[in-house]
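Inspection log for the structure reproduced underneath, given as structure tokens.
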Amino acid sequence: MRPSGRQANQMRAVAIERNVAMKAEGSCLVSFGNTKVMVTASVETTVPGWMRGKGQGWVTAEYGMLPRATGSRNRREATAGKQTGRTQEIQRLIGRSLRAVVDMQALGEAQITLDCDVLEADGGTRTAAITGAYVALADAIRWMDERKLTKGKALRDSVAAVSCGIYRGAPVLDLDYLEDVEAHTDANFVMTGAGKFVEIQGTAEQQPFSRDELNALMTLAEQGIGELTHIQQAVLSA
Amino acid sequence: MRPSGRQANQMRAVAIERNVAMKAEGSCLVSFGNTKVMVTASVETTVPGWMRGKGQGWVTAEYGMLPRATGSRNRREATAGKQTGRTQEIQRLIGRSLRAVVDMQALGEAQITLDCDVLEADGGTRTAAITGAYVALADAIRWMDERKLTKGKALRDSVAAVSCGIYRGAPVLDLDYLEDVEAHTDANFVMTGAGKFVEIQGTAEQQPFSRDELNALMTLAEQGIGELTHIQQAVLSA
Amino acid sequence: MRPSGRQANQMRAVAIERNVAMKAEGSCLVSFGNTKVMVTASVETTVPGWMRGKGQGWVTAEYGMLPRATGSRNRREATAGKQTGRTQEIQRLIGRSLRAVVDMQALGEAQITLDCDVLEADGGTRTAAITGAYVALADAIRWMDERKLTKGKALRDSVAAVSCGIYRGAPVLDLDYLEDVEAHTDANFVMTGAGKFVEIQGTAEQQPFSRDELNALMTLAEQGIGELTHIQQAVLSA
Amino acid sequence: MRPSGRQANQMRAVAIERNVAMKAEGSCLVSFGNTKVMVTASVETTVPGWMRGKGQGWVTAEYGMLPRATGSRNRREATAGKQTGRTQEIQRLIGRSLRAVVDMQALGEAQITLDCDVLEADGGTRTAAITGAYVALADAIRWMDERKLTKGKALRDSVAAVSCGIYRGAPVLDLDYLEDVEAHTDANFVMTGAGKFVEIQGTAEQQPFSRDELNALMTLAEQGIGELTHIQQAVLSA
Amino acid sequence: MRPSGRQANQMRAVAIERNVAMKAEGSCLVSFGNTKVMVTASVETTVPGWMRGKGQGWVTAEYGMLPRATGSRNRREATAGKQTGRTQEIQRLIGRSLRAVVDMQALGEAQITLDCDVLEADGGTRTAAITGAYVALADAIRWMDERKLTKGKALRDSVAAVSCGIYRGAPVLDLDYLEDVEAHTDANFVMTGAGKFVEIQGTAEQQPFSRDELNALMTLAEQGIGELTHIQQAVLSA
Amino acid sequence: MRPSGRQANQMRAVAIERNVAMKAEGSCLVSFGNTKVMVTASVETTVPGWMRGKGQGWVTAEYGMLPRATGSRNRREATAGKQTGRTQEIQRLIGRSLRAVVDMQALGEAQITLDCDVLEADGGTRTAAITGAYVALADAIRWMDERKLTKGKALRDSVAAVSCGIYRGAPVLDLDYLEDVEAHTDANFVMTGAGKFVEIQGTAEQQPFSRDELNALMTLAEQGIGELTHIQQAVLSA
């Protein structure tokens, strides 16, 4: 039995509210249950030095967490003077995930930065961030399309992410914090709308896992991502 | 005429939504017009080393701004590896302002940290932060009272803040971003519910100001703070 | 009764010795009683990148304190790897104060940096620094005038600063360290030679202050700044 | 056809030379073809503060690369003043991988640090590092056993790692640099001697991958890790 | 012919003014010609953690240079966020030089920090700093003696320093800036009052030097240090 | 009697293995007894900004030590976020030593970086590094010669280094770690193949040294450097 009373293959309530930041080219507030992430997409018409003159764009991401998004206060990274290894790992993952669905030639010489800031954390912040960042990115590209800044169709597919894990011996979908702490295996899946994998990261927390267990998690992830893809489509066509 | 069409002595719409962060001992989302700041109060039952063993507490504040709270994206301070001088100035001001109304003996050996994170910025972020931080602080102290962690009444008064300035030759209350950029004098006032001054910071942006001009700003501030004090009281007794 | 035996409206002995740094375009050693600050003005004929090509100049300041300027040794900021929030606040204040009296068009594309290093600290280091920095700046601008580097009159007025406070219930002028520690309100005033305000920063240290108290401090400041202005003029015409 | 002429399921020549660092409790020089990593294991009989008094140990890893391990010189991280996100990601992975096979209770209150420094890089530095680190760790635990510092059997299994990828449409084992640059999918597998998974990280570099492709990579990895496990056993029983 | 018209074996005018910092336990302003260094000695009755409980003391030094001590402004190290390699080299040399004449047992568990801040630089700042630091140190130890904080005679000898170089083919004593820039060999000598060497650092700037040349510099240094020792003695017995 | 049983004027076994780094333009593994340093020379055809357009080159060095090169583990500098003062001192010394034998005009606008990384430390790491760096540099310049990147003969002489010290009252050549810890004087000598001095650094560790003692060390150094020069020549002509 899961702490939340959910079925093994049941996601938390997922909501994506678009256009929450007045000034950004794209933005949303995404929630997976009690996990809430604010995402903005910022378009800059210059690219980093090492990309200049190649006629193509770049998509990158930054991740942060408000100090009291968690049960006890975490030190603010700006005060500490550096981002933790965990933060860097997550923002690199978000960036890679989004780049996987963008045609950089079509984007032209522009850079889109996705800022994902966790307002409240209850497990799955990185998967919520990726899922929401796709929506903000899609809006930012529409904004560019309207201004004729793109060269053709810059988005090749959608992308979303979910975590799965082995909790008390059973594979479950979309771990919340209580489950995450106790799960003996935790895996994050990033998949396209077309159902292919962009990234898979599985980690044995307390004991190694078998190929069968990984397969069970993969099947759950395919279902969850399918649901997330529908939500993204619905929100973007609203 | 003000860009927003407001009267010279008219504040923007002010709203304070309490308990927006599930896990913090106190929290609110405060908005002064389009400026939105999320504030959490975190109680820790230890104090910094230099205060230990004195039987008294401490109140401190940290301030941050999401990268795209503004019209163009600002560099994330955690990435830059340090807080700007502006950020430090503001968080020191917030901390001083709140300490002015707290009885540190009554607080006991506990530290309360106010995290003020600007979600959207349209002028007056520091005054909104102070005004909201008082509400989060009051809730955190109630939380401590309920657990018998305080020794008597730890809050001596309320505190709120507002900015005023000389805009196109006229003194106006509660500058928004468009006014702030153009105002030739900008002053921030922090006052108690009882109507006394905790802090006053007046700066000539383009030309020095006279004592009469400062007096006009002070009169506006007294009125504005009076209104903010009523809103704080109403919200806290809801 | 003040610890130094001074009258309430009596400044400490103020001295400004010009040209103490052989190589700087302007320099002085300014003392307010036992507070001693060495100031140099450095002219560079380039401006920061963001100002280039606009035909105007910039004035900026940096502030430091020798580790043993105070009663017990402070950690050297270069060793700590960063400037404290207090240092940044002060150097931003000095820069703003001087820019208020400079015509940036007349300065041309040049930058003047005022380095204010406290050799001994006995209260009022920031006000002494501003008062001395004006003299070093005036000499640096003369140096530029002589080389035809300016376009017309770059100095619009003089500027000086003084602190006042409520010490044992009475408003007093030019706080020294012993008074500063105990004063329940501390205010810094920056004013022009013409008697207008450039900056006012009043802070309640232990209890909030009233408008009447602030008015009394303002009156003291006007007198003190008048005296400082005369000293600056005398020194610069020597 | 692979650039090296290898079969799709053929690993590079793997060698592990033990005891290359005179002073470390365990050490080896591990090479996967032209990739060479020096690993030392350092035993400290104290644990980090947050673990103290719990009667259990800790295993951690740090990773570095000599500036000219690669075709063009990389900036030295000690000079840059921080480790890159990539370095942090890798050293976190190495640490997790080794902890998965250690019984922390049996280790007692001791910390073992694995330093993995890449002398030459030709693809697969993180998998070579994990594979070698296990050998250095095993020697360090023997050293502790001989001094009766452990409480029972601290190693529960062996651990090794290998990368696989889709190169020119075909799944191949143990990517070298030329293959890594071009592969459209790259996956790292960390497995125990018993054949279970500790970590799996698959990334689509240019196009998303299917579940079938991932399965093919997993099969290759199982074979490669089997071979590495034999080499580890042979080296440790020499 | 030397730029200053000095004889080859002639030092610049050397002056040491004691007790220039009201609050330090020892202090002086030392000048070697136009090079001016302010030195303070701060006594702390605790030692660094790694020395505690051994009943002995420590002497350390820090070095800094005001940004405009030189012909063109140098970046302030506190702003840059770190000390340069040159600064660290110099402060390590000053510390070693002074420790060479202190009996750490007699000092007891106390630490003396010598802060050497260059107000004006015209060559030889490190040798002036060492020479002045001895005087400040001697005063600080007297201060400790008077309070019975020392255990016997803590100073074993005096110490002073001078630079010599090969300037236009001839060995000269006490290089000033103009000579330093052009000298093909530059050597710093630190010696005790008894005439023994504490440190010798010789560097070929443009061409290697012979043993004979080094010998000539050593002879000059012995003479110069003899003169500095007399000045130190005279100043300390005044 | 020396711990190693060596004669007073006997160097440790010295070996230099060339071309140990597949990708570098020059490289070697140099050992002085148990001290082992890996050196690579990297040629870049650009120079630092401040040298550009002058038609001449630059040679610089960086130094590092693997965390467990020593008896107990040292903190990794990349983790600490900065290089120690000792590291900076050493890499500045290595750079100066090599520049002393290079004709920067003949080098053309190119920069050669020598990375010296200590794999095992048993005293004399900086002298081994300089001695090996010369060999790597010579190979890098040959590489440039072959590609016609140099303008004439860029190497003017060879350079090598050795340490000497007063150990238990007697002058000895090439200190190992056990001797270094106990020696009351420690001196490093850098000399050219032609027998002239490039750098001499003598430090009294426990008691000052006399001119006679320094002379004895110099005589030992001349002999040791002679031997190192022969080894360098033999290795480079192999």
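The first chain written gets the first letter, and so on, giving A, B, C, D, E and F; residue counts start at 1 in each chain.
The rule we apply is simple: contacts are C-beta pairs under 8 Å (C-beta built on N, C-alpha and C of every residue); 3 or more make two chains touch, one makes a residue touch a chain.
Note that the structure is predicted; figures quoted are calculated from it, not measured.
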Enter the minimum step count from chain A to chain F; a value of 1 means the two chains touch. 2
Spelling it out: a chain qualifies if it touches chain B and also touches chain F; which chains qualify? none
Taking touch as defined above, what minimum step count separates chain D and chain E? 2
What's the call on chain A versus chain D, same or different interface residues, using the half cut on shared numbers? same
Mind checking the centre-to-centre distance between chain E and chain F? Centres are C-alpha means, answer in whole Å. 28
When centres are defined as mean Cα positions, the distance from chain A to chain C in whole Å is 51
Quick one: chain A and chain B, Cα centre-to-centre, how many Å? 33
Residues of chain E that touch two or more other chains sit at 81-82
Classify the inter-chain contact topology: is it line, ring, star, complete, or other? ring
Ring walk, chain A to chain B and onward: A, B, C, E, F, D
Across the complex, what residues on chain E touch chain F? 82, 85, 88-89, 91-92, 96, 100, 157, 187, 191-192, 194, 196-204, 208-211, 214, 218
Residues of chain A touching chain B in their complex? 21-24, 27, 34, 38, 40, 42, 44, 62, 64, 66-73, 76-83, 87, 113, 115, 117, 119-120
